[in-house]
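Next come two complexes built around chain A: one with chain B, the other with chain C.
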Partner chain A sequence: MKRTLKPRAREQLLGSLYSWPMGTWFTIFFIVPLAIIILYSFLKRGLYGGVEFELTLNAYREMLNPSFAMVVVRTIWISVLATLICILISLPCGYAMARSKHQTLLLFLIIIPFWTNSLIRIYAWIFILSTEGLINSILIKIGLIDEGLRLIYNNGAVVLVLVYMYLPFAILPLFTTIDKFDFSLLDAARDLGATKFTSLRKVMLPNIKSGLSTAFIFTFIPIFGAYTVPLLVGGKDSTMIGNIIVDQVSKTRNWPLASAFSMIITLASLVGVFWMLYTSRREEQLKKDGPKRTPQALESKVKAHHRAGKGVR
Partner chain B sequence: MSSYPRPRKKSFSFSSTVLIFTVIFLFIPLFVVTFFSLNSAKGMQWEGASLIWYKKLIFDSPSLWTAFRNSLIIALSSSATAVVLGSLAAVGIKWYRFGGKSYITTVSYLPMVLPEVIIGISMLIFFSAVKIRLGMFTIFAAHTTFNLPFVFMLVTARLDEFDYSTVEAARDLGANERQTLTRVIIPSIMPAVLSGFLMCITMSLEDFVITFFVSGPGSGTLPLYVYSMIRYGVSPVINALSFVMILGTMIIAFSFRRFLKVVAASS
Partner chain C sequence: MKGVEVTVERVTRSYGDFKALDDVSVTIEKGEFFSLLGPSGCGKTTLLRIIAGFDYPDTGSVAFDNKDVLSLPPEKRQSNTIFQTYALFPHLTVYENVAFPLRLKHVDKKTIEAKVNEYIRLVQLEEHLYKKPSMLSGGQKQRVAIARALINEPSVLLLDEPLSALDAKLRQNLLIELDHIHDQVGITFIYVTHDQAEALSVSDRIAVMNKGKVLQIGTPYEIYEAPATRFVAQFIGEANIFECTILSCEPYGEEYLMRVDVPALGTQIQVTDYDPQEIGSKMDFTVRPEKVRITPNFPKTTKSEVNILKGIVEEPVYSGFQSKFYVKLDEVNETLVKVYKQHTVFLDDGPDIEWLDEVYVSWHADDGYLVKDSSQ
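Showing the complex of A and B:
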């Protein structure tokens, strides 16, 4: 390109002047905090909160405690279940949106609840599900039941509200991918005698794999790190890893343990992101046979997902 | 495709039905709280429409206004900082080669892929390790950190479409670096910068989890106020506040409508 014509030193200086302010910001407020967490997870717990500078694996050993192990197992099954439900609902939604003439309106309708304050949305579900809530008062009024059912403060409520909260995280990337799909291929498959279902499964599904993995990862990661939903609509047996981390920081003041649990979530997220990069890179290589550098690949994945949305939150 | 008058209606209608029910599912909670915010009674019994809860919300909740003020200050300051740092960085990454380029690119995407709890906890531990007192500044720093990636991403996407020869033309015509920046680059990335700014404001006003960790006494934001109200239980005043916040979201989403079309077109 033409930029190679420019003197190297000048480029180095200008590029640094433009970009290093942000680089420095991220180093101080993101990389250093993450490094501190990694370090703390290997340190000894201080007597009154904080840490003592003595290397140990105590925090990781404490995690094997059965009650904590239970929480990890629960977090995994709740996250997998909620994510799968999200994907199953989002596939037909994304398909219908991609084929619709009113895409802007539909995006608008998906995005409004998505951008509404998360606490307001959780509150609305408390309002609907609680013992004196909307569903119970309707059921009592029409005489189906005599006293309120326990619809809230259990794992079912947690899964329901998690699906509600994170559905758009699955719908938006699936819509984006399916919208790129050439629907005449389906017609071709049908002309060659495939049934509707077979043509969708054998022709469309392989073409939207990268969208599926993006949807899975971007739904799974925030659900895996969920904190407010299990706290506000979950019961005593709905604690997830996010709740343990917060309790260990604010109540028990066991920072190494909180850091160790944070490491699990961070590692799980990174594994997910790299798996997603791997599938999309393989797909791109199959299509273009061109090599792809990691930052760019990550960039395009994240972009595709976030163009209309917001963070993994 | 239209030349194939195929009886596709049936296969189409399954997915459309799912979509319709999903949209209804997404909106039911919002409608329910809005509807009951207009109920004059406290419970689930409908006893006529009234605006008393809105009156209560506006005139009877002094701490709401403090929280709102804090939220505005933080949203504006962190979004402005993120917009300046993020846009400049995008220009640098796109057009120049320099040391640490791939480090900055990679690091700028990571905050978007980590759950909020992790960002909140790591910042809390960081601030107490370096002994910075929790308060408005720490919230500002945290919000700038999670806002930056979005500005960076939006401006980078805009620069991808930008014709670099415009910059070279400006240089050939004798513009110096500052003039190129202010007269050529900034005007052309302005749409992305503005939508980035709006998005930052939205996310900053919305954030609860990260703010929850890094806020100190007296620095509570609007979502923290909502949280403290929810903990007391269901109340019609929260319904009223919910509707006000839903309305705010709709206005912001509506101001994004051009952006939504870009989504539909570019996908």
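Showing the complex of A and C:
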């Protein structure tokens, strides 16, 4: 008897074969480097860069150094602030795009900045913000100020440029979610007595949660690891974790410490991604069959409610 | 709950070149079940949205009990709407959906619970309180929408094709339920639909609309039996409509009996009307298919006002409860007259009529109508 695979089994086998190229790629260029970084963060620092193969927690102990801790705290608040500003701008923006007749054009306009290298765009901001830059020269010309304001090389400039750089990453997911939102729900809310603002807050926001969390992750993660922006438009006190890593790798040559800081960024991203997966899974679940309850539990709850209701009356 | 009188006066609304509403005036009485009936794009939904406050007219006014409401936003009007797609909030349970309007008003918990239960009972959804809208069937969603719209105790309930997404059987049941609810709450219902059967069966009065204009306002009986325009005659039910010329006119009881020439039928026929018409004037003559009798033999009648024509069955259409026959008249050899016939073969109605049978079609002059306004 000739042995043949059943169609389903064959398909499964083929499926796993198809996933090989992708799997290999990820293993070589993603998992292996990550494993190396994890390993390095637990090794002893080599005298002239590199590492010595001796397991130690030194790198993590060094991170507790107040000057580093300051940088971590700063990175967190800059990232959170920039991300929140991005989302606050993106909400009305995504709403307007979803309701616009010219969606394709607007999407195109949002993608255009990506055609220019990000470094060039940051340099453009330097020209705009610097003491003799665009803004200052205009203000001087119209006579509002006599002397150029210090707009650049501070944390404000870092937040501003970060918001500029990562705004599209917040607008796009919010736009796609709002576009799918049923706007007649807003009419319904207003019809039932909600003001314009209340209807947005109580009906629209809960229904675009998945878009909000995606926008948060898409902006927060890259901002948290930002390196060029604080380097180019930030001041002495604008260093972020990304800058520490570069310093530790190339100047101080403390590779374990650099690896340890990378671990923080990776962990922050992981937390974000898992949170996003959790919320979108939950939302799907809710959409599919309501709050996660067994039919029996639901029934007993309804019965309990009725009993309680009858008791009151 | 008390209904209000809704007065729409000379409302016009254009979108670019398109006139959605053209000088529309309607007065809807307190507590009335009023339908806006017309084909899609006739402006009925636009009118409803203007009454609800989601749209604004270019000119004209809308008043509830003679108080202008155009300056009020939707949330301040005493009207609530049931949307075509129900527009239930997907993130809230049935209970929270119905409680939504009360939560906005910061009503205390006990009152909310009592009222939600009251309205949930009205629409018989007690068993689905904690389900999300996505777990409900179309009919159940519809009921949630009704409960949610009524809990605010509005004076006017606006219904925007609320049954169009449901299947035929369910539609019938919900329609009857809506009628019961209307009797119970006694507020003004304004019901938008393109389905004439729905409108005819529940409405106190109907406004038939087309191309942004109201063509006729009347009771279902008036609209069906005495259509004011050619469009109304054709849109509501079915009708045989032919151009005619008035030849003679004489009193006939309270009405007038007229002899008219109908070129399409190739003969002269008799028709009655409440108003005398000028001799020689051109009008449209109409008779409903179910008022026409079809017989294999020359019909026995003693009445002289019966019109009798001879023809051949060109196309019989069987549809269960009745059949429709397209009869080609001998005189003109092209015009088709539509005739309905119930299947009552065993009641001495003679044998079944089949394709290419020679038949006589006959109707009483009182069952025909003259349509005055043939332009619309």
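Here is the rule we go by: the second predicted complex is superposed on the first by the 268 of 313 C-alpha atoms of A that agree within 3 Å, B and C clash if a C-alpha of one lies under 4 Å from a C-alpha of the other, contacts with A are read in each partner's own complex, and residues count from 1 in each chain.
In this section, a contact is a pair of C-beta atoms (placed from the backbone, for glycine too) under 8 Å apart; a residue touches a chain by one contact, two chains touch by 3 or more.
As the structure is a prediction and not an experimental result, all values here were calculated from the model.
Ranked by how many residues of chain A each touches, chain B and chain C are led by B. When the two complexes are overlaid on their common chain A, residue A:K180 makes contact with chain B while staying clear of chain C.
When both complexes are overlaid on chain A, the residue A:R190 reaches chain B and chain C alike. Look at A:L149: by the touch rule set out above, it reaches neither chain B nor chain C. After overlaying the two complexes on the shared chain, residue contacts for A:L139 are found with neither chain B nor chain C.
In the superposed pair of complexes, A:V72 makes contact with neither chain B nor chain C. Contacts of A:L81 after superposition on the shared chain: neither chain B nor chain C is touched.
In the superposition on chain A, A:L34 contacts chain B only, with no contact to chain C. In the superposition on chain A, the residues of chain A contacted by chain B and by chain C overlap at 184, 187, 190, 196, 298, 302, 306, 312. Chain A makes touch with chain B in their complex at residues 1-3, 11-23, 25-27, 29-34, 36-37, 40, 50, 89, 92-93, 95-97, 99-100, 103-104, 106-128, 130, 132-134, 137-138, 164, 167-168, 171, 175-177, 179-180, 183-184, 187, 190, 196, 221-222, 224-228, 232, 242, 245-246, 249, 255, 258-259, 262, 265-266, 269-270, 273, 293-296, 298-299, 302-304, 306-308, 310-313.
Within the complex formed with chain C, the chain A residues making contact are 182, 184-185, 187-196, 198, 202-203, 206-207, 286-291, 298, 301-302, 305-306, 309, 312. Chain contact summary for the complex, chain C toward chain A: residues 52-54, 73-75, 79-81, 83, 85, 87-91, 93, 100-101, 104-105, 110, 113, 117, 126-127, 129-132, 134-135, 148-149, 152.
Those residues of chain B that touch chain A in the complex are listed here as 1, 4, 6, 11-12, 14-16, 18-19, 22-23, 25-30, 32-33, 36, 43-45, 85-86, 88-89, 91-93, 95-119, 121-126, 128-129, 141-142, 144-146, 148-150, 152-153, 156-157, 164-165, 168, 177, 199, 202-203, 205-209, 213, 223, 226-227, 230, 234, 238-239, 241-242, 245-246, 249-250, 252-254, 256-257, 259-264, 266-267.
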